[in-house]
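Dropping the structures in below, format is structure tokens.
Both of the next two complexes hold subunit A, though its partner changes from subunit B to subunit C.
Now for the complex of A and B:
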């Protein structure tokens, strides 16, 4: 908790007296959250506001033969009952495809389904009423005549000839397919010991404690739409609302206030949210939609439903010779807009094995439609799967040749001095530190003692396991991620800094805050680059009418991209301030500096004038400045990564756990994470991002699973039935850092928000398999529930 | 029309009377009728703990209690407990330790932590973890929350951590 000094190599601009870079300063703007005085969407109430609730399909696939709204319209408080066809007059449909995922196809999706519902939970009518309870009463009174249609539930058979096609216009249930090959894979497999494994990953979802929430207000006189939205990318949503509601972009204002958790769940265009915005235009008054928990499970995107067949060839000396994967995923009935549902599969192809030197790699992914909740990007998109597959194969291969799993990794990880370099899959790496990170991990966890303890306890019939997972993480994406495929999602971000007349700095930024600490990072960078104390910086995010254009917060980009924009804006504002100060002091600006909110002589730090005084003169007594001089106490700068398409980071995690072979229960004893996210701006915030991410990854590995029956019915769509990690089951997590700053920016920061989730499932599954090794049992199934562990042990059928 | 019930209650020390829908939950009454929006709603089925409030001195789930049941009772919420200063050390420590990220679980977590420390002034880490296991936090991974509660417990006992 105490401040720690900067511990990474810093560029001169930030290596300044009283630098805040590398210090664990507490976050600004959170005292209100501690006092229950936040501003989440459901906390806002507007004049004439009404509430919408949706009539949702009880079937996974069914034709709508008729909707009788008469009784609902007579229900107390009901203002309107609206069907899909009626709302389509106000909101055009969308198609979730991107041109760089060549061949990806999807069906146009409407805000409210017309003609048929394609998953259990899809909205088919909206009821708007004075209160949420009245809207729900109205929903109960709507009568829908349905004809059930044959469903596609199992992704394995989605492409079979006998399987019905969900969208006949598309011809088949294939959304996308990609194959990739590098090196000589067949020769590699002929030359070594081969391990062959099948991995499966359960569908799970984000379970933000604040459900999705939107309050849309239309002002008909000016034709302006104001949307209070619990989201991660307000400018992206501004564009989407404008495009589909037929408004000008500058007539749409999206305000993203406090957000109660997001993790990628709140970065998509959801049909019911589009419907809410359209209803506010149609009804010319504010309409609020707050998803309840049961509909969250049926409508928030799901993720990770993948089956991967994978092989690895290894030499007797522990050299990985070849890797081959065949991935299959079912994404629900639509590719989600605007990011598409092909990215997770694409990431699995790109990331598998990419931490290793092996150049012989063959990969295929098949993405199919099915009648389940749509899947899309959720924290660490594809990484947990690519990492679990790669690292599961490495452990299996290590066992097959009788080599220690750490040693196999040492022999294959890309050497720390090999950068820049390119992976077999074509990813470019600027600089990674796999070996330093692994060495740090081995030391942190005291690997040899743990192995000795494990051996000793095995003698007592206690099965403990150690699981290691090395990985890379994609952060700071350039336009190569989405923009290049035609998505109107900004890869660049802006920051505007303004000195006020009292010497405070107002920072507005395009990145958003959902709890990660983006505002703290912006304040630290701004304070350092300008030369003020951090209490003088006020950070404003989330309002498209106020902040510079930017992408928001996703894909671990806020600190690296938003932070660099703040560095550049801070430098520019400092220069502007010093010009004014130079005139006032009759000194060359280059001889002056700003420290702790005061202009000083650069050479000896002698105090000259406060920023409050500079502000006072510039704003109120411009008459005392030369006539040919105009002060500019504001500066805006933007930044987008240019040298590399992505700033890859690396990390390694370890899990130490015990499996009770009688009950199948897993007790997590300890977890370690060593992470290299470049310059660490705020160590405590990075550590807490890692810890939170690790726990979400553990959720997928051990607990979380959206269970469906053969009819496409979700069986456990409540917080009672869908298990997430709670405090009692979670271990303490030790975090350490290696710092390899990116040279793409002066700040040198890469992302850290998803690394925990990327590595944890692999570490946990490897640890379970390590624990069970004496029993000659392996399981590659996520979540590894007690029942599944007992089944693998042959205890239950 | 839906049945209504008259109640008299005290909220954060102030007496009030209100006419509430018979089916309205206490947390909805606080949020929508009194505009005390610090108590959050995460599930409405008693699982997440975001709606934790104090009723006659005990913590309860505001989504599992009806507003009508608050008749004659004393209700305390995060807003009142912030103003009285009762939670000040917990709040300051949660802030310093970054034991909140999105903050949505935080009011419920703070009230739960305060109840734990009233029951057990010297809880072990395991006891803290067990006690807060009725409160979801999806952001932090819990460790920072456990650290913060542990250090407040120590400070309240006069132990320098």
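Now for the complex of A and C:
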């Protein structure tokens, strides 16, 4: 149920007779994937391939006193048993810090832990065998002598004097701290009504359908490494493998074929994946590692786990006067390489309150080490937290002054005509549409009727609530996100288009397909910009030997950045084709156009010659072309955002739900999302990104939580106990769009991949609190489980 | 997540299966595999032999004799849910079957597997307790019958000896004026219950008789709330009477908490379930 987006002002380059922009064309790979013919890393079998399984620490913190590998080496099928010290000969350690997060520190991390394990699940030895089952048998036979070390589990006490220091070399358990202040915060708080809230966000993780997977193959005769890798950023991984395995970058080929979901989980350098690559060099044969579901819970990065104390001051007329937050997060024992584990905290500081005009803002964040699974970037990094804090405060403030939550937002959101402008936190905004989006939402959900229904049902003892969440989303990052801090991660992306002799267009691009449909978007843009029908376009992604250098897929960048590179390459290729056609047809190229795969007269559309004919002549009968002319039926263009560091988008979501105050159970009744990602290239893909994102946001708000005990043991690391959101509990999600294209590119597309996740938790928690308002109860704990709701109600102690 | 190596045996008669069990002290039986296979893959068990009884003849039948409904141990959850005979003779079982996992699990999982496994959060053990059922067990030296109340002895523990096979389950055919209610709280459709209740009793002359309130997912095995049920004997299921019975639950049930779901919340939920079940029974 989505509106067909009313088109914003499209640039001429895309406003063409056979434009695919704004059309829900099916993705090129969908038929193959739905027929079960996907080719995921685990489907690939190479000659002499062996499998690795890891001996993982059962303790959250323990010294390795000895590893007895003798029995494992005798286990059937076992090829090698390798410890951290042995593998260190092949793979250098890394440190996950970036210079723009000044002061961030971390300990060097090895592919396999050497002296001690620092979280439950860290690999301390590798067993390589003919089959995965034999490797697991070998793992069972390895004997590790452990001495348990004191554990840092609770982030609240990680910096206390009595708490042991995890990495003595670092001096303390503080990874990073940042403070920020703008305006006159103290004066603001002295002037208004103040609400004071504490929010907490549980650790959760991404749960990709396809787990992490890598198959690494080393050819010693050439010194070349080929890595089939389920990942998001092949060129980043190419650099990392080369750097740490001592290879030349061009001798490393990373191939990222079908990927079964990533959500940010697969954009990091994982120790066990580095170990797999190093083992393939050491053993000189292909080594495969497929994380199983249990080790996924213990090794895939976790995210969130923040505690935020927050205050907001508001005037009687509903003007937000000041915001103050104090954030604390525990990131596990290492800052994750290469993006670091400081980004989520940094985002919270940057994003909180940034949709509002309030200029008085103080923020502090503290990032500590602890003995749990490392935390790092997962879909919508920081946004769900910043949004839940901001919007939770707004609702509390609205209630405090007795104003409708929609009205308070209207009075504080940055006006739609105020752009470009800069937020209190220094973020610059090119153009957002908070007010138009809010108006659209109010209309879509029929806000007034819903309020009336809520009131009526309260009379029957039924507690329903409405939760609103406005937000901004960071997309299309420039080099200001990672590159500026020293990370070798490309913010730029490229696209090469080639016309073949039959008039088809081959598109190679640096962005990757994760199952989200990036290849469909690239095909749509290419077909439109060149002027061919989409069935003539073949898109190739994810092979560093083949595609232009680029960043890959993360931070909602594939469509906006990769798409623009395709627009520019498409324009260039069209021009090149028309030069050839002009010669053949004895016409000025400017008078010609390409439509539906044929060269036509630009003025009246009269058919002149097919692209297959142009291709035939250019490739096979170049002798018929002038001697001073060389055809170039290939074009490469690159794009990196230049005008703004980020293309911010905006949106607003609403949740309508019912709380059973006897059981504490929440039933989600309906969810609405209005968002502005600029040009909507493929409405269906955008809507499904929003819906999927909302579902993951709901996961964090109600279900997902990595539960740990005081010994740093993960208590629910299986699909049985860890509650991913499932279809039956999800509400109908209605999506609508406002389009404010970015002028940074001709395509005008911003990102849409994380907006759903950014806003959903805030909307759901606000709705729960709205439902419980008559009972004078507030709850700011994610996930809001039945037990927590009953505790807030005072039903259980 | 690959099982440790094991040998696979597929006997064609229950006698052969029992013989194989006797011969291999480290063997396990495989029925629908919905619990055993995950346990094997997670290496929670590493048997020397897996004896597949899934194809044994005449072990999935539903029949009625002498006032008892008899169901073969290999009856699958989906067939339990779909059987008109079960719906009539033991509607509680039919109501419960729908809550066991997801369709894919119900298509393979068997009632015998569920009862023999004795997961404290499983639906069927509590139903047997509520209905006063019994289990027919076969060993090398013949058949024995164990009352449900004596069968479930602890977490994943039963009166079954390791060389025996659960052959069938029997419950009394629904008697006149008896009604049952099945309620459970689960976070997501198809999950094991946070807590659940199988209630069974007779409504006559405005009063309730012979009420049995069997909880599951409360402790190490299904538990009858004896005092709460007795307090209602012969009484009407009025709001006040129900509330008084709920107040007695704390004496009857001593729930064991789980991460994020403590025993106090569980006990509170038991009360909510009793209230909901009995109000519907009264309606």
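We take it that the second predicted complex is superposed on the first by the 791 of 797 C-alpha atoms of A that agree within 3 Å, B and C clash if a C-alpha of one lies under 4 Å from a C-alpha of the other, contacts with A are read in each partner's own complex, and residues count from 1 in each chain.
Following the convention adopted for this analysis, a residue touches a chain if its C-beta (ideal position, glycine included) is under 8 Å from a C-beta of that chain, and two chains touch if they have at least 3 such contacts.
A quick note: this is a predicted structure, and the numbers were derived from the prediction, not measured.
S.K.: Between subunit B (first) and subunit C (second), which, if any, makes contact with A:416: first, second, both or neither?
M.R.: neither
S.K.: Now for A:261: first (subunit B), second (subunit C), both, or neither, which partner does it touch?
M.R.: first
S.K.: Using the touch criterion from the header, give the chain among subunit B and subunit C with more contacted residues in subunit A.
M.R.: B
S.K.: Does subunit B (first) or subunit C (second) touch A:292, or do both, or does neither?
M.R.: A:292: touches subunit B and subunit C.
S.K.: Quick one: classify A:723 as touching subunit B (first), subunit C (second), both or neither.
M.R.: second
S.K.: Looking at the overlay, does A:272 come into contact with subunit B only (first), subunit C only (second), both, or neither?
M.R.: neither
S.K.: Based on the superposed arrangement, let me know which partner A:703 touches: subunit B (first), subunit C (second), both, or neither?
M.R.: second
S.K.: Could you say whether A:692 touches subunit B, subunit C, both of them, or neither, answering first, second, both or neither?
M.R.: first
S.K.: Look at A:133 in the shared chain and tell me whether it touches subunit B only, subunit C only, both, or neither; answer first, second, both or neither.
M.R.: Both partners.
S.K.: Once the shared chain is lined up, is A:395 touching subunit B (first), subunit C (second), both, or neither of them?
M.R.: Touch status of A:395: no partner.
S.K.: Can you list the residues of subunit A that touch subunit B in one structure and subunit C in the other?
M.R.: In the superposed arrangement, which is not itself an observed complex, subunit A uses residues 131, 133, 292-293, 720, 726, 728 for both subunit B and subunit C.
S.K.: What part of subunit C is in contact with subunit A in the complex they form?
M.R.: 1-5, 42-43, 185, 187-192, 194, 259-262, 264-265, 268-269, 272
S.K.: Which residues of subunit B touch subunit A once you look at their complex with the stated criterion?
M.R.: It comes out as residues 1-2, 21, 23-24, 31-32, 35-45, 47-48, 50, 77-79, 82, 91, 94-98, 100-107, 110, 125-126, 128-130, 132-146.
S.K.: Could you list, by residue number, the parts of subunit A that touch subunit C in their complex?
M.R.: Within the complex, subunit A touches subunit C at residues 131-133, 136-137, 140, 292-294, 662-665, 703, 705, 707, 709, 715-716, 720-721, 723, 726, 728-729, 785-787, 790-791, 795-797.
S.K.: Given the complex with subunit B, which residues does subunit A contribute to the contact?
M.R.: Going by the criterion above, the answer is residues 1, 26-27, 30-31, 33-38, 40, 42-43, 45, 76, 131, 133, 206-211, 258-263, 292-293, 514-517, 684-685, 688, 691-696, 718-720, 724-728, 730, 732-733, 756.
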